[in-house]
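Dropping a structure here in structure tokens format, bear with me for questions.
Every chain is named by a letter (A, B, C and D) in the order it is written, and numbering of its residues begins at 1.
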Amino acid sequence: MTADLRTYLAHVELPNPILTASGCGGTGRELAQFSDVHRLGAFVTRSITMAPRAGRPTPRMAETPSGLLNAVGLQGPGVEAFLERELPWLAERGARTVVSIGGGTVTEYTALARRLAGVSGVTAVEVNLSCPNVEDRGRVFARDGSAAAEVVASVRAATPYDVPVIAKLSPDVADVVAVARACVDGGADALAMINTPVGMSIDVDSMRPALAAGTGGLSGPAVRPLAVRCVWQVHAALPGVPIVGMGGVTTGRDALELVLAGACAVAVGTALFHDPYACPRVLRELEELLQARGFDRLADVVGLAHRPAGAQPRTRTDLEESSL
Amino acid sequence: MTADLRTYLAHVELPNPILTASGCGGTGRELAQFSDVHRLGAFVTRSITMAPRAGRPTPRMAETPSGLLNAVGLQGPGVEAFLERELPWLAERGARTVVSIGGGTVTEYTALARRLAGVSGVTAVEVNLSCPNVEDRGRVFARDGSAAAEVVASVRAATPYDVPVIAKLSPDVADVVAVARACVDGGADALAMINTPVGMSIDVDSMRPALAAGTGGLSGPAVRPLAVRCVWQVHAALPGVPIVGMGGVTTGRDALELVLAGACAVAVGTALFHDPYACPRVLRELEELLQARGFDRLADVVGLAHRPAGAQPRTRTDLEESSL
Amino acid sequence: MSREDLVAGSPVQVTGTVLTTRRVDAYHALTVVAPGIADRFRPGHFVTVAVGGRNTSMLTRRAFTVHDVKPDYGGTVELVFGVRGAGTAWLADLRVRDTLDLVGPLGRPFPLPRDPCTCVLVGDEHGAAALFALGDALQQRGCRVDFVLGAPSADRVFGALRARRMGETTTLTTEDGSLGMRGRVTDVLPGVIADARADVVYACGPMETLRGVTAVSAEFGIPVQVAVEERMACGIGVCMTCVVPVIGDDGVTRMVRACADGPVFRGERVRFDDVGTIPFDALGAPGGRHA
Amino acid sequence: MSREDLVAGSPVQVTGTVLTTRRVDAYHALTVVAPGIADRFRPGHFVTVAVGGRNTSMLTRRAFTVHDVKPDYGGTVELVFGVRGAGTAWLADLRVRDTLDLVGPLGRPFPLPRDPCTCVLVGDEHGAAALFALGDALQQRGCRVDFVLGAPSADRVFGALRARRMGETTTLTTEDGSLGMRGRVTDVLPGVIADARADVVYACGPMETLRGVTAVSAEFGIPVQVAVEERMACGIGVCMTCVVPVIGDDGVTRMVRACADGPVFRGERVRFDDVGTIPFDALGAPGGRHA
């Protein structure tokens, strides 16, 4: 028996729930040295910007306990080069590609969405809201429900109806549910969480920040409890909205934790740096865990930890009727 | 040569910068089995409430990668029993005691401050702002600058002028500097950070949240990058305000990291659970690190990582003039 | 520190060398050189150990009953454990001459009867590990000792041989019937108490077992001492994560620490039905009585 | 995967057994059985290793040059490293028969000259480890090889003996004068190039050294290949943390990955003065040119 691992981002079906996390899978070519990109639920690109970006100076990384700080600064070749050299390669290999976009203004996000509109091979658009809003003194969009909603609404408007728009949220807020709700009200078809909270490390030998940029984004297992909490809270408040959960997933157990909290798909980021085979491995482990628990459909487990205390896990029978 | 490790919380001098973190040192008696409480810079009590509190059901703890989730729920005997049975014991042993207080309303915090006013043996009052505001649908005070400021102002007003009031902040906000500033404007003499961000863990075997309370506070080395970042940001914005840094300190290097970021005192929490001698050990290690770097005064290192890139560490001479 | 704080049982931290490792059916046994702990040990004490080595991602110490202490090398302690998660898996991989960081002895040991009497010692699964040092101490005071040991299956019944050597009688139970009587320790306990005309019961094991043992003892009207297990973040009484609802001498239920106020309690004082809740009438319960 | 992705150097992940461990002055050398990696190895390749064991708090792999490969046991690789932080300390504690998780071979190896010529190989500190497999390959092509090895002190000069055996000449430098000439490799390099009438220079070591070596080579108008070290989170080209400013064939400076586009670059293409910055004229620099 193999479990039915299909999942849906809005109406788009993915063969399995394991994605790469934005910015962690390169262009796809690097991972393809280790395993097929079309075996992924979807490949999520690093956040694409309008113009080429050189990113931040080095050092760009620092290791922290069970975590990684990075300040890459969205280095990339810009959307034109992406469409010319990267997306076609992914499409040829049959990968479903979620294109992450990043910008400094609503206009820039909108322009990116327009540029992607109608391009074949774009399975979904993920809006990286953790970019500084240059028109609001660099305040990150994701920290402000209305700014986030504005970006989402304009990207949604510029994107063909059959391409889902995923809003990617940050945990660095007082109320992640409020931002999630604003994004859904703004037209997000799905939500992704969590982007990296802002952290910092100081080198006690040089007595200076370990990263050239000072602060960086914290990822890896250290942040998993924050990710599980965000997914849990948002799924509780918006049970109908598909969630791509991520943050510190290194094993099938970690992925299952996010699924039980309410994620219908799970992205793997930092773990890829440690294990380039992490995606197929996590998928295999997740499938084994589901089977060991008597589930033959992923969909039946999404959000299952929310059932009232003492309630039995739903039986096969009522699961037949349930849908995502 | 021994380094001068004295530090100041406003005008109150502490012989050294190493404190216990609230809720992590019991009543002091338990730690005294291992080392003297009067050797601490100060002993910080668990958050004291007006009435006795039984706290949350068990399981109250779950381990996460390099972290610990807890949901103790401020279990304690209430302020009267604290004043009768716990504070006198600490005072007798010569411990400097920072009394942490927690409440559900501004009135409750004020009442606690009044009850502590004039009681001998209270070195400072720390206001745990990570309590749910029962008058604002359980929104945590620390997540809302004006609610936090209101609590701080009323505690400040009820507290004798010579007892500093420390506002303890949470990282679960979009802008920790804004909350810090609000607290200082409200009268806080010092700031403590970070309290535990809210996290969650799901047991993939029982397929239920690992904590009875569902969510819990995340502590330990996993959160240190968040703590360093908060201390850094707040020290940069409010360089004159003394900061008690905490979050994942397990060694003298970790303590130095927070000091370089801008903390003039450092609290040790979760590390005590692993090593009951953590406080004296961290202090000794910190002193050794300072000496190895040619510093003979802690004060000279506070915030040193903020010096402009390329600048030499200040020399002994200009340090003679600098003050905290 | 003033004299009064330096109580006899006051714990120490020791980095001990592993002297022996062995497998005992489903269990692993580790003997570690830890003089300061062995010296202070009383039956019922536990220790906590750091797991995972330097740079481990596992922050919390793991708690284990001290199975045995010996005077060799200035004092050794033996722990017996089953592999449950990553921490115990790491412990199971330790080799002779590796070092282990221990804190102990911790907790309040079993109270011993002043005068010789007949004691039934009940151990479910690894709970049995706590009973042999206790049995020794009881026998030294002239007590008669009877054992009841149980587990789901034969390989998880710990210490049957030693029990047979020490005990006046030894009754074994397994849920699958692979050793002794089919069933649980609580099924055979009434018979053992009656046959031995027991004066007191001691029990270690899962909460559910302790609840049953307490109920049986109550029926016979004899005192019972239980050693409970609750998830512990510190083991030394500072974190308040390990609480159980226990009725005090004043009749008031309090959430008390299994590590520092226990792990041994009088069975009838533990509100087993309410473990994992805050009983509405506990001191400080939400909406409950305030003292 | 399509054929074209299966390039010759394509890396694999291997859990290898440690065959030997030894100390070489200030360095540790580990030989690990890793057939798939040894097979594909070319001089200049590196591997990344997981450190800390199961449940480690150290997430990122550590990168090490492959010092040597041997055909024994289907293929072994040898790493040489100094203890720097927690990861290398853990590696230094590995014992024979422990296992090590490696990914490799990674990076672009040293380009070799088509025709026999004279090559100066410069190694500063552990950088020297990369040079011996390279020297072998060069000699197999009939090249003359001269070594310049340096370090702050004698115990940190790696491979002097082997260099003396292999090289036409070997010049050693130490900053404290404890071995060879007092000074740095760049101090003696002009003399070595001139004496050997060198056609090409290969260099491994800290950025500062590579900068100096590149400057010297430029003065002589001969090509130089440098292997750079930048902090790496992945080693396989996906994370973009390891970038250095490098001038492309089109004259445009790009922030390129040391792991996947390097670690070997033509020295004059690396903007050493701008390492640790984003040069204002780099592609995509803030306010800079956009292609």
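Everything that follows uses one rule, which is that contacts are C-beta pairs under 8 Å (C-beta built on N, C-alpha and C of every residue); 3 or more make two chains touch, one makes a residue touch a chain.
Source: prediction; values computed, not measured.
Using the average of C-alpha coordinates as each chain's centre, C ends up farthest from chain A. Between A-D and A-C, more C-beta contact pairs join the chains of A-D. Chain A and chain D, compared by their mean Cα positions, are separated by 35 Å. Between the Cα centres of chain B and chain D there is a gap of 46 Å.
Here the spacing of chain A and chain B, counted between their Cα centres, is 34 Å.
Among the residues of chain C, those touching two or more other chains are numbered 57-58. In chain A, the residues that reach two or more other chains under the touch definition are 65-67, 220-221.
Chain contacts here are complete: no pair of chains fails to touch. Residues 64-67, 69, 140, 143-144, 171-175, 197-202, 204, 207-209, 214-215, 218, 220-226, 228-229, 232, 248, 253, 256-257, 260-261, 289, 293, 301, 304-305, 309, 313 of chain A touch chain B in their complex.
Chain C contributes residues 52-58, 86, 89-90 to its touches with chain D in the complex. Residues 65-66, 221 of chain B are the ones touching chain D in the complex. Chain D meets chain B in the complex at residues 57.
The touching residues of chain C, counted against chain B in their complex, run 1-2, 5, 7, 10-11, 13, 50, 57-61, 103, 230-244, 254-255, 260, 275-278, 282-286, 288, 290-291.
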